[in-house]
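Shared between the two complexes below is chain A, which pairs with chain B and chain C, respectively.
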Partner chain A sequence: MLIKVQSAANSGLEAIGVDVEVSVSNRGLPGFDIVGLAGKAVEESKERVRAAIGNSRMEFPQRKITVNLAPADILKEGSFYDLPIAVGIMASVLQYEVPKDSLFFGELSLDGSLRHTKGAVLMALFAKEQGLGNIFVPFPSANEAAIIKGVNVYAIENLSQLAGFLLGKTALQPIVYEEHVEHVEDIEFDMAEVLGQEYAKRAIEIAAAGAHNILMIGSPGSGKTMLARALPGILPRLNEGESLEVTKLYSVAGSMPPQGSLITTRPFRSPHHTISQIGLIGGGSKPQPGEVSLAHRGVLFLDEFNEFPRSVLESLRQPVEDGVLTISRARERVTYPCRFMLVASSNPCPCGYLGHSKKPCICSPREVKKYRKRASGPILDRIDLHVDVPEVDIAKFAENQKASSLSEPSSAIRERIAVVRQKQAVRFKGEHIFTNGEMKNSHIKKYAKLSREAELILTRAGIQYQLSARSYMKLIKISRTIADLADVEYIERNHALEALQYRSKAYELD
Partner chain B sequence: MAEHNTTGKEGEEIARRYLENKRYSILEQNYRTKRAEIDIIAKHKGILVFVEVRTKQNERYGTPEETINYAKRARIRRNAIAYVHRARYNGLWRIDAVCVVINQTKGAQRVSHYENIVEG
Partner chain C sequence: MNTVMIQDKMYPGLLKEIPDAPKKLYYKGDWNSEIFAYCLAVVGTRRMTSYGKRICEELVGEIAASGITIVSGFMYGVDATAHKATLRVGGKTIAVMPCGIDLIHPEDQEDLYNEILETGGLILSEFEGDFKPLLWTYPKRNRIVAGLCQATLVVEAGEKSGSLITANFTKKYERKLFAIPGPLTSEVAKGTAQLLKEGASIVTCAKDVVDFYRSDPGFSLRFTPPAGRGPTRLQKTQDLHSNSTLEQKILEYLKRESVGLDSLVRAFNVQASQIGAAISILQLEGFISEDQGKFYVN
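Right after this comes the complex of A and B.
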């Protein structure tokens, strides 16, 4: 008897159809084999399927069972073939028809229940693209799959329930996607809590408004980390397209919580500086997304920027620039998006007090130079805004504590930013970009029109400070965002002048 | 006959009666060829069953189950395949084990039947 069940394998964010063929023979010694380039997790699936069927008060056939995962030339990895294999084997005993237009996907527990399995969104999307009407997924992963409209998503709790449905004994309704209106806000700091630092706050606001990269340099305790951590509170929510991109990445990475649904808040990733290159960029023999991709459409915060290994920082060059990343390994090549906003913070020197108004810096110029050189020119050149975050005046701080209403709360800033982001979305409609930070040279020519005065200032600055072509373009991008915040179409003199304040000051060391 | 040999014989008798009770029809007992020996060959629900019987007088020095190791299973399987070929059998077959513990008064203290102990 030959039974066919449809499933799929994922390679990066793409899915490939996999036919799970189950042959149950009436000859020879009973046995259970899986062929078709099955990886370790799939090989182990045998034991899970056997126990799960047995523990669901069903008979596991004492026959020679051969499972083939076709096409047989691509490596099958992951635990989600458990369900299609079990469906095929149960069909040989219970004699039900396996529905043809359905995709099965999920990991089994030994007791016959289905476990949360990564990649549900991708599978549902694949089912839709292939014109399969139904997808059977584990109950904890069903909310994820249900994001994709146009496919019936059946949430399966255990094998007995599924068997009952396939036999036509019990009814099962596809789950309906409910748009979650409530947003769980998990914001550590409000901008109002950061005292003083008006200059840095302004820079953060510009960065947030246009999704520009930003580097904050300041002495210990000045509030760099706090500013960065307050960022999620001022960023607008993800739009529909962005949400789906982010949710797909998190689903593939296995970072979706059980019962999780569409991700609508921007990711904020803050890896420790001991991170490896693969951890940051992604990789492995079956390439997984790294931190840069998990920060897609959100923030990648690198605290203590200069403490990261140089090789790790250098590997950021291309992703920062391109917003997509192709990871090539011997067996496969996958592309993950990584359009993130880089937020870095660093001390000005090893002791941390260079430029401090009261504390003396004890570093020699050579030490300072060495410290600064840990982040290379090409990396710093890719960061749009460079901001000094000076120490907080304690006298002022105590005074402000009393009247804490002085600072603007995050919610007010967020509203302002949402307006500016909306304006950008309208501007770049049809260009496949969302923000000023993503503009390529052609976009700049088209959308960032400079007034004559502004152009003059920027050109003169370019010559004076020997700016690279990229830095020059970045200045225009920042000017564009500043002009957007001021709600004007033409970039004027004062916008260009403000943008100039945020240029890299690394050269001043020499 | 040495004591352990009689123990084995008695164990096989107990196993045979046990299987007959379970409606197994016994085809052969102590089937022998030059190389192979199969304790019991029976038919049950259309399936040809090869049964290896393991007997122990007590479980102080280990259980009968423990004596069925990988090499033993491989040997049983080899013997079964030889039989299947010789008999030109073309259906489903499997290998079972019956473990017997007998005490001094020669009564069966425990009989355990394990179905399908070798998979192919």
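Right after this comes the complex of A and C.
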């Protein structure tokens, strides 16, 4: 007899329908084969299915079983075909009708229970698009699948339970999506906790408001990492569309926890500098999203920027520019979004104390030069704001109590930034960009209008500091965000002047 | 190969006077005895502070502009700054190398090396070929630096600094020794403080040094501003209306103490954005300049 069970395979963020055809034949020697370009994990599925059915107090048919995964020309990877295969084999024994408009998906454990499986939200979305009304997923992944409205999600704990339901012996209700409220504690560091650094804080705020990339240079312990970690707390929360994008990426990468719900806080990724190119960009024979994609709609923080291998940094050029990344491999080509804010931090020199007022720097100018050269020029060029984060003199700080009155809590800054982001969303409607940081030259001409005085200042600075055309454009972009923060349409003199403080000064050193 | 022997007529007279004068000098550049007439050795630490850098640029620039040749050791820090400050005002400078004449040491200063030669300066060494610099060649070099000059100016020096070796040679050869005072809290002001205590002349402005040379009847004001190299400071081209009270106040504050942006924010209790804008305009107008995160009044 032939049984057909519907399932799906993912290729990047897209899903493709896969029919699992199970033929149980009385002719031929007893055996179990899987055909249809099955990868290693799918091959092993045979043993899991056999043991799981046996351990669920059901009989495993001693006949010739052939499983075909159609279409047969796409490589099938992953452990989630366990469930559809088991459902097909059980049908031959228990003689139930496999529901037509349903999608099965999940990895089996040898005892017959179902395990948390990655990609649940993608499968649910696929079911909805294909008009399949029901999706059967492992219990731990059910909440994740239930994010998608309009599909009945059945949470399956084990094979016996599923068999009972399919035979009509027990009832099973589709589960209702539960949102775990977790964004209460999403503020890891509050901006108010960062001592001093008024100037760097302002720079961080501008970067957050316009989604500009930012580079912080400062000696160890000055608070660079803390400032970066405070960023998610001042960025506006993800809207619904963005949340789904991020959740899909995390689901595909297998980074969703069991019982996971929609991700509503902006991702903050800080890979260590020993990361490989594939780890950062994504890849593999079955291309997985890398850190840049996991930082989508959030922050990619590269601490000790100069320590990253040059080849790894160079590979960031295109993702930073385009916000999407296509990974091509022999068998498939997948596209992952990666619209992130790049936050880099670096020491001023190898020992870290160049320009420190207390500790002497022990590096020779040659070492400093070599160290600075390690950072990729083209990448530095794509970073809008360059800011010095000097050491904080604690003693001096205690004397001056005024400082505390100036530091604002993250929540207040976040509100302000949300307003500015909203303004940008309205401005760039129909332009396929959302923030000032993404502006190309054509957008700058159209949306970043300079007052006469501001133009005078930028032109003068361009000559005086020998700015390149790109640097000049970066200054206008920053000025645009500063003007937005001040809630004015035309960029005024003071906005341009302030923006000048955030230009890259690295090339002015002799 | 360009060499000068001690018995040659063109051998620098002042250098010949010292007891252990080198018998043979290798050189690069166009030898012009005129360059040795009035020389000042400028020495100091490799680990210069931003204060030292600023003072060195300012004083040496002015001294060199009055026609005095600046002699130094081509090392980074004070040496390189002195060479550069001289070149900027179109002055002449001599670099005495601690290594063979064919080597550039430190090699990453090749640009400076070439610029010295292009502007009529000299590169000198008593070592031939590609002889590597060694621990003992530095003090040997220092005696030539001191020996070539009527006076030595110590900019910044630590307690055990190679610059003090040059200073000691200067004293031994009975030449004039100048030192620039620095903050007592600074490691690299200890050496200069010691020299001042021992009787070196204090330098608070370029005039202190130039006057010493002026006392020589042969020394006339030889300074003719060379064309094309421009003034050291940026000139105001167009007034960008910088006369707000905050800018004035910041300028007053910076005259007393050089600080960074954060300190200004705290001192005036205003938003960082306002301070940033005020600082930018002051910089554009050329009133202040920045070095390693701190702002100085020009």
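The rule is simple: the second predicted complex is superposed on the first by the 479 of 510 C-alpha atoms of A that agree within 3 Å, B and C clash if a C-alpha of one lies under 4 Å from a C-alpha of the other, contacts with A are read in each partner's own complex, and residues count from 1 in each chain.
Following the convention adopted for this analysis, a contact is a pair of C-beta atoms (placed from the backbone, for glycine too) under 8 Å apart; a residue touches a chain by one contact, two chains touch by 3 or more.
Computed from a predicted model, the values in this text were never measured in an experiment.
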Overlay on chain A: chain C relative to chain B, clash or fit: fit
First, second, both or neither for A:P365, with chain B first and chain C second: second
Touched chain A residues, chain B compared with chain C: C
Angle, in degrees and to the nearest 10, that opens at chain A between the C-alpha centres of chain B and chain C: 130
Partner chain in contact with A:G31 - chain B first, chain C second, else both or neither: first
First, second, both or neither for A:E107, with chain B first and chain C second: neither
Contacts of A:K64 with chain B and chain C, given as first, second, both or neither: first
Touching partner for A:N494 - first (chain B), second (chain C), both, neither: second
Minimal inter-chain CA distance - chain C and chain B, angstrom: 72
Set intersection of chain A contacts, chain C complex versus chain B complex: none
Contact footprint of chain B on chain A as seen in their complex: 26-32, 62-64
Residue ranges of chain C touching chain A (in the complex, touch as defined): 46-47, 50, 76, 84, 106, 108, 187, 234, 237-238, 240, 260-263, 265-266, 269, 271-281, 283-284, 290, 292-293
Chain A-touching residues of chain B, taken from the complex the two chains share: 47, 77, 80, 90-95, 115-116, 118-120
Chain A residues touching chain C - in the complex, by the definition given at the top: 196-202, 354-355, 360-361, 364-366, 369, 388, 390, 396, 400, 402-403, 405-406, 456-457, 460-461, 464, 482, 493-495, 497-498, 500-501, 505, 510
